[in-house]
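Below you'll find the structures, each written out as structure tokens.
In the two complexes below, subunit A is the common chain; its partner is subunit B in one and subunit C in the other.
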Partner chain A sequence: MKILLIAAVLWSIHGVALAQDASDPTELMKQAHLNLYYSGDDGLANVDMLITNKKGNVRERSFVMLRKDFEEGGEQKYFIYFQKPNDVRRTTFMVWKDPAEDDARWLFVPSLDLVKPISANDKKSSFVGSDFSYEDVSGRHWSDDEHSLLREESLNERATWVVESTPREKDYFDRKLTWIDKEYRLPVREEYFDGDKVLKVFEAVEVQDVEGFATVTHRRMSTPRKDNVTDITFSAIRYNVGLEDEVFSERALKSPPREYIQ
Partner chain B sequence: MKSMLVDVSVRHPRWVIVIAAIITLVAMAQMPKVKIDTDPENMLRADAPVRVVHHQVKEAFELNDFLVVGIVHEPTVFRPDILARVRGLTEVIAKMDGVIADDIIAPGEVDVILPDAAGGVRVEALMAEMPTTDEEAQTVLLHIMENPVLRGKLASADGQAMALFIPLESKDVAEDVANGVRAHLATLDTEETYYLAGLPLAEDSFGSAMFRQMAISAPMAFLLIFLLMLFFFRVPAMVIAPMLVAMMTVIWTMGLLIGMGFTLHIMSSMIPVFLMPIAVLDSIHILSEVHDHYRATGDMRQTMRKVVRELFKPMTFTSVTTIVGFSALILTPIPPVQVFGAFVAVGVFVAWLLSLTFNPAYAVLLPASALQKFGAAHEPNAAPESHLRKVYHFSQRFRVPLTLGLVAILAVAGYGISQVEVNDNPVNWFKAGHPLRVADKVMNEHLAGTYIAYIQLAGEEEGAFLEPAWMQYAHELQQDLTKHANVGAVSSVVDVVQKVQFELLSRPEPRPPLPDTREELAQLLFVYEMSGGTPDDLFKFITPEQDKINLWLQMPRGENRDVQSVIHAAEAYVLENPLPAGMSFDWAGLSYINVEWQRQMVRGMGMALMGSFATVLIMMMILFRSLRLALVAMIPLTVTIVITYGFVGLTGRPYDMPTAVLSSLSLGLSIDFAIHLIQRTREIHRVTGDFEATMHEFFHSPAQALARNIVVIALGFIPMFFAGLAPYVKVGAFFFAIMIISGGATFLILPPLLSRFSTQALVGKRAEPTEPSAAPVLEGTS
Partner chain C sequence: MKARTVHAATIAALETALVTALGIVVSTCVPAAHAQLELHGFVEGATAVRVGDAATVPAEWGDVDSSMLPRRYRESTDYLLRESRLQLRGDLYGDSAEAHFVLDVLADQVTDETDVELRQAYAKFTTLSDHLDVRLGRQPTTWGTGDLLFINDLFPKDYVSFFSGREDQYLKRPSDVVRLGIFGLPLDVDLVITPEFAPDRVPTGERLAFWSPAFVAPELPRTLARNAEFATRLSRRVDSFQLAGYGYLGFWKNPVGLTLDDTGAPLAATHPRLRVGGASVRGPWLGGIVWIEGGYYDSFDDSDGSDPLVPNSEARAFVGYERQWWSDFTGGVQFYLEHMVDHDSARTALTDAFGEDAFLKEENRTLVTARLSQALRYQTLRVNLFVFLSPSDSDAYVRPSVSYDWSDELRLAVGANVFGGDDERTAFGMNDVNSSIWARVRYSF
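Moving on, here comes the complex of A and B:
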């Protein structure tokens, strides 16, 4: 909570326009999306992922994630270098995201010294066996859903808007609730429904100010039905690093940029 | 003791009846608490090692029992309209209570590993897009056939059959889900045929069928026994007493069973059917004697006292031997069989007690007017008597051919026993032609098999199966098992690794060997997860810790002998190819559990049979105070057991659970006839001293009671021949056979043998006629 308070103070100093009465839900969702996925022109972080199943056993993945935006709310490129588990160390993964089309993805398998494109037409499928889907990692575009402002309420003693979204086309969920923190303009909780059933729940467990950007440094996605939880924590976060385009190339998959990845 | 029981009953008949009625009401009050249990797993104790491992494996891989829906159509089920209906059905099923929607194995629900257009790997839901053309529909089939995990499981190679595997939270919901499926199908206009199969459904449906059967078979037997008794004894008022005894015996016993919190299992559901005839046995003896002597005095009290005193010893001994026969089942390691044995034993005791108290009390209370037609001198029943004497003369005259014939029959039967094959399959508990058996047959003809077993290979350390040698071992074991005639398919994590490798390397020919480094294995599995593979699907085959893997065997035949043969093959393989150090091997799955409890049952029944045989022999020695007589007494039951099991072996009928349990019944009932015959013969002989005179007397009244018993029980169980469940039919047929064979053996073998005994050997050295009871019997005949 202390961290949240500090972050709040820093945030207000930073002085992003705070339209307290902003009531256009689509606009709210857009801002939240941009703040969660498009902070700065690029960014990098060390990511630790813990997947806990209902029996309590934990699988760990850790990777370095690089991101570069080409258009605010539009094209983006991601580069991921796996460090754990040990047996998959040096595996790399790249995504060219274009909200208008299917993503392009490539994978480098070090033991086979092989770069392969992998298909990406199923956004709801699990990202490296976690509760996060590919879509959860790179963001679901706000224009894919219809939004309406449901209510305003206090969540964890923070003022939030609650937006209800319904997919424009048939999807794996039929309703989503998003709690948007009024100050951070970040989604701090999301619930996905299929009828009355909760499919999964996203929580922003910790928000920190990083270089002036309110950043969700601990994200949790749970699948109540399976009693499965994935926690992602971000560390060594940097924004506006000035990542070159070459970092997001097939060649880089085999020989990742040493300056960003230890 | 004997006088006490009968004296109390004839002096305070109303009290006896009131107390009996109260106990009956208390017992009936327990009935609503009944808990049904059709889970064959419960054939083993909850802490039986096999079950413990079974549950550990199920938990480790989150495995569930499956209801299987089969869809069959010629020339193909891979047609857009059929696939759309299947998809619709799948969606309906996914919403049903008790269905684990996430783990449904069906087109549209499972992932397939596919080559990507750009040359990579793609894992996506099979039939992610509904096919709209025949070509697209055939592509779905192609994707299944190219996927070793799904091949033969989800569809047949010719595309004529498809299967949906519906995992259930518990076996109890199987029939509800099946009914839901049927209801949905009823709303469709289909060309294709749908079938429902799977062990959980067989077991759950059996539970409901069992109840229906109990509600039909037991009352039918009851009615028929009543009619037969009426035929023999003419007076409904007198026949009602034994019927009440039988009913109360069943109610008390079942009330006690339910009240004590035991579940109603396939075995215990048969208790009423077993108790009904046993309960009327004693009453028939009493009625027969009363029937024959009542006229002499016209005083029911007197007659009852006399008859009960006379019958007390044989009745007690026959009851105790029956109790011993069934109590022996407690020696088996199968809890439902133990409960069955114990409670039939309790029931036999109840029947004995009620026969000796309720019958006299009831008879004494009857007004003399009701008995006017009862027990007329000899006229109405002259026929059976003369026939029975003919039987005796026949047995004496043809002693030699009879003996030779018997020896020949026993030799053949002995050979038959050597041919007995232990086998069972819960699906076969339904009669041929039952929809479940038809479904079972059709689906196993087309697909890899609806009978499922699992082999768990486990190591101690996390990541143990990333060791190439371990993965290689699993691979080779899997290949070996696949060759077995009763293995339709084996799937494992090896298939996933190979398929990813194959697609990742752009389908190289010849196919590359399994990876030889930890890294490559780990990375291939990682590629699966990176390419959109559902982790839960992978965890059906390998634990998240990668320390255990699961080989999933599908077998088209579920008879225990066929499953057993697969088990032997796997065990032989492991013996020849020792497991890598640190790796353990375990079986799980319902098919394996069935085999295991059956193995234990056969061994247990063998012990139980020998134990009770020895006990009965000792009891006969105590009763007759003669080893020779005791051995003679054992002949009919031995002959009965040898012939019935010889028949089972010769006709290739399986030795299954009902067959096994019936040996106790043979033992318990066959000895009864011998006891009655020998004991009554001795008592009469003590008076006559002349064997022919003794036989003349015996084949009048006591033999008649025996013959009536045989007829009542044999015929009383004919309704069970028409039961819808095979175990019931079998029990009915066995009852019939046991009665006929042991009755015949008693009448044909024992008298000629006894005629060889000296009077002293027959009556006993210490001829102490403490029982003056034999004399009045003679009076009645002369």
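Moving on, here comes the complex of A and C:
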């Protein structure tokens, strides 16, 4: 009886200690999500994307990406202006993201003067032919998965928590591991599994301080079974620019705001 | 003739103004520190080979002097396309305005001609404290909700390019317009004025054989001030839905009217006057996108529908739905109805004038379209199928294509335009002899 009591006390002390150190895995995932996708009230960056296939052939995309948050962890709007490849130059793309519903997406094709809404119920479709899906670009909401803290470990000589996530509803992966940097509170590595098979791997290759926000300026997504890799680098990053609502409109799709996309 | 001269002068003045506006933009842009000129484009080779039967002269044309027939009825040209094209795109950005141009140089071995086509040349600026967007010059204009179906979009189309295997951007024929966008009101307002009527480009027999009740040349409305086209759109977003109302004043875009000479023989195919009013709504539904559009085509040169030389008024509508069914696969469907308002009186008038065999389209022309698109291998390989099927006309038009991006610069594409129908006089049936397969290679820079 005594032994049992001691065990119970020890157990509760251990539990408290763990909570103080690591806190709740859901809270960790939420913080990491907000730090990766919701820094500042808005932001813009030049984005360069290199897609390398198994033969070593490289395709390149360049675009300017504008973002405005309407609710922390909630509604966001994105505006994208393509500069490369040349055949889609001046094409614009807009996403109104609402984690509670399907996104609304529009594409503007300048050669046809055509604004086309894109149906957006499938978030795992490839974004512009890269290893990143739409969901990878705008973020998978932490509440879509159940999280548990698996362990703490050092990754690339930095202290991280490793969180295991399983989708609440059936999805294209059944398990995800996320390494969260203890200092930056950013996801620095993610592995998506289907059974024992690794579907794709995300890596934060470079993290920089930009205007006080720890920012992943070089991201890599690889798909091991296809031997395909996409590298994204962000430059000319600005936060809290004061982007107007009008930047995220059909008018702007046709007449992109030059002050932000030069 | 006086009015015509005046309007020709107006157009000349407008063109001068356009050139001046471009000049001002260019001259204000170039010295500015932030002025940027960007030059891009592509070179492309395209071939389309006919797979249909040879074109035969429609019986209705009677004994036409064979030397006067369009090329397609004189020669068994096996190529619909055999061309090399250079497209140059220039975008010039200044501090307060911008200018865009697109120039195509086309070496066409079907017509044995080399054409230089200015496809876009317009200046754009914003004024009135950001409430007014102005675009002046040659440009494509598109609105409406349909997928390759158009009711309230009465801007010119090029069906010769569309049917013969050129890229989709060539379906839109640019026109010389004054285009205003007014913002900040409860409704966004677009107004497009086309001073000189811009018709659709329809088969003339050069590449594509066609059926017409009479072998006559088309005649455009005169260049008169009152013959300008006006098109407007009022639109607003309500929740997730985009609502729009449209108005158009101008002419039937293809030559569907007829004039006769003193003896009653056909003289010319004409573009009768037309007014259109319509509306559309588009928004998310069941994980996809739904759209509905309707319009009333008021052929007011024949208000009671009894003139056999002028088409009747029509009510047109379609409903469409598209969604992503799985990753990188989109499937959509549309149902379209074209209802002739006074079909009985049109039938009577036509029979009185030209006899019982004179062709009149169905009172209700129905059309179903389907689009299937699958992207593969990181979207470098795209497989597309678009089908038009008309239950009322018993005809169909199928557009399969496959494109492959060898690199960011080099794209290869192959496809077909396949027509079929019971009657050589219906929209797709008449194109039976124009079925073709095509291939294109494009290098972008």
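Keep this in mind: the second predicted complex is superposed on the first by the 242 of 262 C-alpha atoms of A that agree within 3 Å, B and C clash if a C-alpha of one lies under 4 Å from a C-alpha of the other, contacts with A are read in each partner's own complex, and residues count from 1 in each chain.
What we mean here is this: a residue touches a chain if its C-beta (ideal position, glycine included) is under 8 Å from a C-beta of that chain, and two chains touch if they have at least 3 such contacts.
On a predicted model such as this, the values are computed, not experimentally measured, just so you know.
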Consider subunit A as the common anchor and indicate whether subunit B and subunit C clash or fit when overlaid.
-> clash
Thinking of the overlay built on chain A, is A:Gly129 touched by subunit B (first), by subunit C (second), by both, or by neither?
-> both
Identify the partner contact of A:Asp113: answer first if only subunit B is touched, second if only subunit C is, both if each is, neither if none is.
-> second
Is A:Lys84 touching the first partner subunit B, the second partner subunit C, both, or neither of them?
-> second
Please indicate which partner A:Phe93 is in contact with in the superposed arrangement: first for subunit B, second for subunit C, both, or neither.
-> first
Touching A:Gly74 in the superposition: subunit B (first), subunit C (second), both, neither?
-> neither
For A:Asn53, decide between first (touching subunit B), second (touching subunit C), both and neither.
-> both
Is A:Arg258 contacted by the first partner subunit B, the second partner subunit C, both or neither?
-> second
Does the superposition put A:Arg225 against subunit B (first), subunit C (second), both, or neither?
-> first
In the combined picture, which part of subunit B sits where subunit C already is, 117-125, 207-215, 387-395 or 585-593?
-> 117-125
Touching both subunit C and subunit B, counted on subunit A across the two superposed complexes = 51, 53, 57, 59, 85, 87, 109, 111-112, 114, 117-122, 125-126, 128-129
So, in the complex, the side of subunit B touching subunit A is made of residues 59, 102, 114, 116-125, 128, 463, 466, 504-505, 515, 517-524, 526-527, 529-536, 538, 544-545
The subunit A residues in contact with subunit C across the complex are 51, 53, 57, 59-60, 84-87, 89-90, 102, 104, 109, 111-115, 117-122, 124-126, 128-131, 228, 250-251, 255, 258, 262
If you look only at subunit A, which of its residues touch subunit B in the complex?
-> 51, 53, 55, 57, 59, 82, 85, 87-88, 91, 93, 106-107, 109-112, 114, 116-122, 125-126, 128-129, 134, 225-226
Footprint of subunit A on subunit C - complex, ascending = 34, 36, 38, 40, 42, 89, 91, 93, 98, 102, 124, 126, 133, 139-142, 168-169, 171-172, 181, 183, 188, 240, 242, 282, 284, 287-289, 322-324, 326-328, 330, 375, 378-380, 405, 407-409, 411, 442, 444-445
